[in-house]
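Here's the structure, in C-alpha cells; my notes come after.
We just call them A, B, C, D, E and F in the order they show up, numbering each chain from 1.
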Amino acid sequence: MSEDIKLIVNGKRIDGRAFDELRNIRIEAGVLKNADGSCYLEMGRNKIMAAVYGPRKVQPRHLADPVKAIVRYRYNMAPFSVEERKRPGPDRRSVEISKVSREALESIIMTELFPRSSIDIFVEVLQADAGSRTACLNAASVALVDAGIPMRGIITSVAVAKVDGHIVLDPVKEEDNFGEADIPFAFFIRNGKIESIALLQMDGKLTKNELIEAVKLAKKGVMEIYKLQREAIMKKYIVEDVE
Amino acid sequence: MNIITDVRKDYILSKIRDGERVDGRAFDEFRKIEIETGVIEKAEGSALVKLGNTQVIVGVKMQVGEPFPDSPDKGIIITNAELVPLASPIFEPGPPDENSIELARVVDRGIRESEAIDLSKLCIEEGKKVWIIFIDIHALDDDGNLLDASAIAAISALLNTRVPAERFGVGEDFPLPVRNLPVAVTSMIIEDKILVDPSKDEKSVSNSFITITTDVDDNIVSIQKSGSYLLKEEKFYEVLDISIEKAREIRELLKEV
Amino acid sequence: MSEDIKLIVNGKRIDGRAFDELRNIRIEAGVLKNADGSCYLEMGRNKIMAAVYGPRKVQPRHLADPVKAIVRYRYNMAPFSVEERKRPGPDRRSVEISKVSREALESIIMTELFPRSSIDIFVEVLQADAGSRTACLNAASVALVDAGIPMRGIITSVAVAKVDGHIVLDPVKEEDNFGEADIPFAFFIRNGKIESIALLQMDGKLTKNELIEAVKLAKKGVMEIYKLQREAIMKKYIVEDVE
Amino acid sequence: MNIITDVRKDYILSKIRDGERVDGRAFDEFRKIEIETGVIEKAEGSALVKLGNTQVIVGVKMQVGEPFPDSPDKGIIITNAELVPLASPIFEPGPPDENSIELARVVDRGIRESEAIDLSKLCIEEGKKVWIIFIDIHALDDDGNLLDASAIAAISALLNTRVPAERFGVGEDFPLPVRNLPVAVTSMIIEDKILVDPSKDEKSVSNSFITITTDVDDNIVSIQKSGSYLLKEEKFYEVLDISIEKAREIRELLKEV
Amino acid sequence: MSEDIKLIVNGKRIDGRAFDELRNIRIEAGVLKNADGSCYLEMGRNKIMAAVYGPRKVQPRHLADPVKAIVRYRYNMAPFSVEERKRPGPDRRSVEISKVSREALESIIMTELFPRSSIDIFVEVLQADAGSRTACLNAASVALVDAGIPMRGIITSVAVAKVDGHIVLDPVKEEDNFGEADIPFAFFIRNGKIESIALLQMDGKLTKNELIEAVKLAKKGVMEIYKLQREAIMKKYIVEDVE
Amino acid sequence: MNIITDVRKDYILSKIRDGERVDGRAFDEFRKIEIETGVIEKAEGSALVKLGNTQVIVGVKMQVGEPFPDSPDKGIIITNAELVPLASPIFEPGPPDENSIELARVVDRGIRESEAIDLSKLCIEEGKKVWIIFIDIHALDDDGNLLDASAIAAISALLNTRVPAERFGVGEDFPLPVRNLPVAVTSMIIEDKILVDPSKDEKSVSNSFITITTDVDDNIVSIQKSGSYLLKEEKFYEVLDISIEKAREIRELLKEV
C-alpha cells in the first residue's frame, strides 16, 4: 500500500516534522504513591505510565536467585489504548516486547547488589502510537532512577524508520505501517555519552549503509531524549529539596 | 517491619476512637476529587480521576455487535476492571481475581440500575446490530477506595463519550445518551463509627465496607456489603443517609464534567 | 419489559403467594458420606447440595494462616441447572457470589480455633431459580452445623424484591427478571434472635423507606427459614441418637 | 493417621484373601442401586443414581447446532464429567483432570458404540441443523465406582429425555429415541480375585481396574483397563463373563426406568 | 457408512495386506542428543519420536514420591500431523491416551529404585495414522531401554480391528473409521514371552469369541514387533561397540 | 555436578580466548546443515533440518479463511513454535513461553519482511476468502541455535509446499509462490569475539546473541538482539558483515531444495 500513500512531501513528513526531528515529549517523574519509583511520559500520542517496585522479596519465592536480583518487566496495553478495543491480558507481541525491554534494562541494573530480590518494572500503555516500546523504555528508565535503583547509567530509546526511501527519526503510526522499515533502538548512556546498544530490533528491508545511517540518526535522537529524562529527574529532586 | 505496621495501626485506631482521622478529615469527608475527561483521544470517552492519591483511568470503547436475544432493541454494556500490578504492591498480573470482578460488577450495577445510559437509543437494527459499550477501568494508584474513584471515572468517561457511528458506517457521530448520574459512596465501619472514603492507611485496620450507589433522585440503585463482618441494622440506616448526602455533593462535580 | 407483564394480580403474586410468603422449603442434613457435613435443600425450584470439609490441612500449603483457619466457599452451577446449558467452570457472577457468601459465613465461624487449617464449603446448584445464592447460604449453614464447625450462631438468608411497586418476600425468576429491585439478605441469628446483617447486596431502584420495609420483610422470612434449618438439624441428630 | 489407614488396609486385604468383603458382599455383588429420574425439571432429562453411598446426578440438555461435516445427517453427543470438590476430599476445583476425562470418555463410548441413541432421528435439516445432546455427569459423593454409577445415570437420564423441539421452534417435542441399554461393569483385580463394584474402602488396597460395557445382546461395546497393573489373559476372560452377567442384572433395573 | 465402503475384497484388506499382517515398521534407537534415551519409529504412516528423560529430580518438587520414581507420559500431536491442522496443546483424547499409556509402562518400570525422581516420557506424533497410541508405546519402550531405565521386561503394542466381519491386525485409518471395532493392546513381554496385558481398550461391537480371537491375533502381532524392537536396540549397541 | 559444569565453562572460555571453539570450528563456521524436505506427507509442505545435533521439523498446513480487513486481497501467514519437552531438559509442557514466542516471531519476520511468499497470489475471493498458511515449528533436539535451524526449516518447508486447492474445492493445486530466500544467522558475542551458530555447549558461557536475517539481495530484513548485554556499535557492523556472508553460503543449500 506504500505506493498509494505519500509519506514525504516537499522534504517534510506527514506530520510536518523534519527527517531528524522527534515528536513532542513530556516526562514527569514520581507521579504515583504506591510505587517505589514512577514516571508518566508522552511521546507523540503515546501516553505511558511506568512504575518500579523493588528491590523487594521475590514472589513466588522459588524464582529467587541467590546471587542477584531478578528483573521483571511487564509491557501492558490498556484495552482502550488502541483504535479497536484490545482484549485484556498479554498477547504474543507484548510478551516479546517485555522480553527485549527487560534484557535492555537488566544489562545496566546493578542486580548483584540485591540477591534474592526482585526489581519489578510495570509499564502501562494508556494510549498507543508508533514507538510505544521505546516510549515505555524511556519512562521505565526514569522510574528506575526515581526508585533509587543503582544503575551503571541510563537507557534511552528511540525508533528510526525508512519511509519513502528516507531514513527518519521517531516515526508515527502511518510511517510505521506504510514505511519500508522500522528499527527500535535503545542505548546505554553513561556520563552523558552513548556507550553501546542495549536494544536493537528491526523489520523491513534495508541495506547495510541505510542501517549505519539509522544508527547515526537514533544516536542524535536519544541524546535529545536523554536531556529530557535528566530534566524530569532533576525537576523532581529540586522540587523535593525546596519542600 | 511488622512492629512498625502494628504501631501505625494502633495509632490509626486510637485516632478514630478520639473521633479523628489520621489525615485530618472528618468521618464523613471525602478526599479531594479531581476529574479530567478526554485524556485518551483514541477512546470514545475517557476520564482520569484522582481521589486523594488514588488514581484511576476509565476508557470507553464502542463496537457494533449483536444484541442479546432477550433485549433485541437495546445496546450492551460490558464493564471490566484491571487491577494492574503497577497500581499496588499487592496486585498481581493475571486474569481478574475476585476483587477486580467485584469492583467491575458494582460499578456496572450503578450504571445499569440507574439506567444512566439510554440503551434503547443504541439500537442500530433491531435484533441484528446494536452498540456495545466497553467500560474499561484501569487502576493507576490504589491509595484506598478505588471503587468510588472508578465509579466517578466511569460515569465521567460516559459523559465524555461520543458514539463513533461514522467510523462504523452507521450514520453520524452523536454524544452517548447519558441521563442519570449514579454515585457510589463507600464507607468503612469500625467500632460503630462510619468513615466515608477510607484511605489505604485506614483500610489496614478494618475490612468492613459497604458501598451504596444512589441516583439523581436519591434512589438507591446498588448496595454491596463487602468484607467479613456483621452489620447492625441501625448502622445500615445511618450509612444510607450519609451515602445519599455525600453522593449529592459528588454529583455536583459531575455536573461540571 | 415490566410494563407488559403483570406480576401482581388481585393482591396475589404470579405463583399465587402472598407478599410475605416464602416458597416451599425442604431441608435435609447429612446426606453425603464423604463430606464432614452436608445438606440438601430445596427452596422453590432451587435444588442445592452443600458440603463442608474441614477443619483440614490447607492445600496448597502457602495459603495457610498461622493464626486462624481460612474459609473457602465455592458456589457452582451444574451445567444442566439452567434453561440454556451453562459451560462448566466459574464465571464472573459466581466468583462474586462466592466472595460475599464466604464473607457472610467467615464472620460467624470461630476460625481462631483452627490455625493453619481450612474450612471448605462447596455448594452445587443442581437446579437454579431466583435466590440461588440465598438458598445456597441456607444449605451451607446447615452443612456447617452438621460438620460440627464451631460458630457464634447461624446464618439464614432470603431475598426481597420490589415487584409492580410492592415489596415481596423470596421472589421467583419472573419477579427477579421483571421486578424493580432485588435485595439478597443474610442475617446472623443467635439464640433464636436476629443479631445483625451478614450479607447485603441490592440492585434495582428503591427509596430509603422501601429499603427499610424490605429489611423488615426479610427478617420475618429468615425467622421462618431458621426454624426449618433447626428442624433439619434436630431431625438428623435425633435419628442418630435412636440408632 | 497413617497407621490407622495401614491397619484398615491390612484388614480389607486379609478379608479378601479369606474370600470376603468388608461390607459383607460377595465378590460378584453390586451394592444397592437406586435410580431416580426426572429430578431436574429444567433439564431435558435427568437421573440421580445411588450405588451404595456413591451418588451421581446426570442432566441432559439439548441444543440445536451444526452437524459434523462427516456425518451431516446425525445428531451429536457431548459427554462431560465434573468431579466437583463437594464429592470427595481428593477432588479439586479447576478444569477436568485425567480422571474426569477418562470417566466421561468411557461413559460416552458405551452410549456411542452401543448406538443407544438413534442419531439419525436427530437431524433437523441435513448438513445444517441437528440436535446436540449434552450429557453432563455431576458427581455428588464418591464412595467408589463412580464410573458404573455415572453410566447407569447417563442411560437413565437419556431414557428420561424429551427433545425440546417446541422451545426451539422445530416441531413437536418427542421422547429421545433410545434403542439400546449399555451397562458398564467395573471390577477390581486383586491377588487374582475379581471384585465387582469396588467401594472407596476397597480401592485403598488396589488401583487395578477394568471396566467392561455390554449391550442388550451381550455384545461388548467398550473396554477400559485402568490403573498401572498387569492383567493375566485368563483373568480377562473371567472378568468378561462376570461383566456380561452383572450387566444383565442391572439392565433389568433400567427397563423399569 | 460401513455399508458403502468395501474394506475387504477377495480376502485382502484395503491396502492389500492379509488379515494377520502388520504394516511396515521401522525403528531407530538413540536418535536424539539431549534425551537420555530416544527412538524414532514408523508404523504404517505413523511417524513417532519418543524421548525419555530420567531418572531425574522431580519438577515441581511437591510431586515427588518418597518411596519411588513418578512416571510421566506425554502423548502430543504435532499441529501438522493430521489432515486438518490441530491446535497445539493437549485435548481430551491425548490426556486419556497419556494416562493409559503411562499406566502400561509404570507397571513394568522398576520405580522403587529411584525414590523422589521422575522418569519422563515424551512422545511426539509427527504424522498420525490409525494406531498412533500403539506406535507411540512401541517407540517409548525402545527409548526407555535406550535410556537404561531398569524394567522387568518390555512393552509391545498393537491394535486389532473388526472390519467387514473379520478380525484383522494393525488397522489403517479407513479400517479404524469404518470398521466395527478397534482394540488397542499392549503386552508385557519378558524373556521373549508374552506374560500379560498392560494396556487394553476397546470400542465398537464385539462378541466374546471375537474378542478372544482378537487377543490371539494381537499376540501374534506383538511378537513380530518385539523382534524389531530388539533389533533396533541391538543395532544401536553393536554400532556403539564398534566405534 | 556444578563443579564439572564450571570446569567445562572455563575450558570453553579459555579455548575462545585462544581463538578456538571446543568443537574445532572456526568462529565464523556453521555446523553441518542437512535439509530433508517432504518428510510429512500429510502436511502441505515440510522439512527436517539438522544443524549439527540440533534438529527441528517444520510442517506447513493451509486452510481457507477470511482475510484481514486491512489486506483483503492477501493470504495470511501464521507462525507458531512448540518447544516441546522432548527436545531439551529445560523445555516445559504448557503454552508458549517468551522464548518460543520470540523464536516464532523472528522466523516469521524473516519470511514476512523478505516478502518470501507472494501473498497476493493467495487470494481466492477478495475480502472473502484467502489462503491461511500455518507454519508450525516443532523442535526435536536443541543442541543450540534452534533459531537458525528453524528459519532454514521454515523456508525449506515453504519451498516444498503445494497449495491444496483441490481438497478445498477452489481450483487446481499449485506450488506455493516462494520468491525470496531469507536466511537467519545467529551470532554469540563473547569478550569482543563473534561466534556464529553457537552450540548449546557454547551458550552455557554467554547469553549475548544477535540474529540478522538477510535476503537474496543481501538486504537486511530482520534483526533481533537477544539477551541482556550491551553491544558495541562497531561490533554490530562486524556482525552485519559476517551475517550477510554466512547467509549467502546457506542460501546455496536452499537453492538445492
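In this text, a residue touches a chain if its C-beta (ideal position, glycine included) is under 8 Å from a C-beta of that chain, and two chains touch if they have at least 3 such contacts.
Remember, predicted model here, so these are calculated numbers, not experimental data.
Path length between subunit A and subunit F in the chain contact graph, taken as the least number of steps between touching chains: 1. Here the chain-to-chain distance from subunit B to subunit D, counted in touching steps, is 2. Shared contact partners of subunit E and subunit F are absent; no chain touches both. The copies subunit D and subunit F differ by a rotation of 120 degrees on their C-alpha atoms, rounded to the nearest 5.
Remark: subunit C and subunit E have CA centroids separated by 52 Å (rounded to whole angstrom).
With centres taken as mean Cα positions, subunit F sits 49 Å from subunit B. Subunit C and subunit D have CA centres that are 32 Å apart.
The distance from the centre of subunit B to the centre of subunit C, with each centre set as the mean of the Cα atoms, comes to 27 Å. Residue positions of subunit B touching 2 or more other chains, listed in rising order: 96. Taken as a contact graph, with one node per protein chain and an edge wherever two chains touch, the assembly forms a single closed ring in which every chain touches exactly two others. In ring order, beginning at subunit A and turning toward subunit B, the chains are A, B, C, D, E, F.
For subunit C in complex with subunit D, the residues that touch the partner chain are 32-35, 45, 47, 49-51, 53, 56, 74, 76, 78-85, 88-90, 120, 122-124, 126-128.
Residues 39-43, 46, 53, 55, 57, 59-61, 63, 80, 82, 84-89, 93, 95-96, 134, 136, 138, 140-143 of subunit F are the ones touching subunit E in the complex. Every residue of subunit D that touches subunit E in the complex is listed here, in rising order: 96, 98, 101-102, 104-105, 109, 112-114, 210, 215, 218-233, 236-237, 240-241, 244.
Across the complex, subunit A meets subunit F through its residues 92-93, 95-96, 98-100, 102-104, 106-108, 183, 188, 195-208, 211-212, 215.
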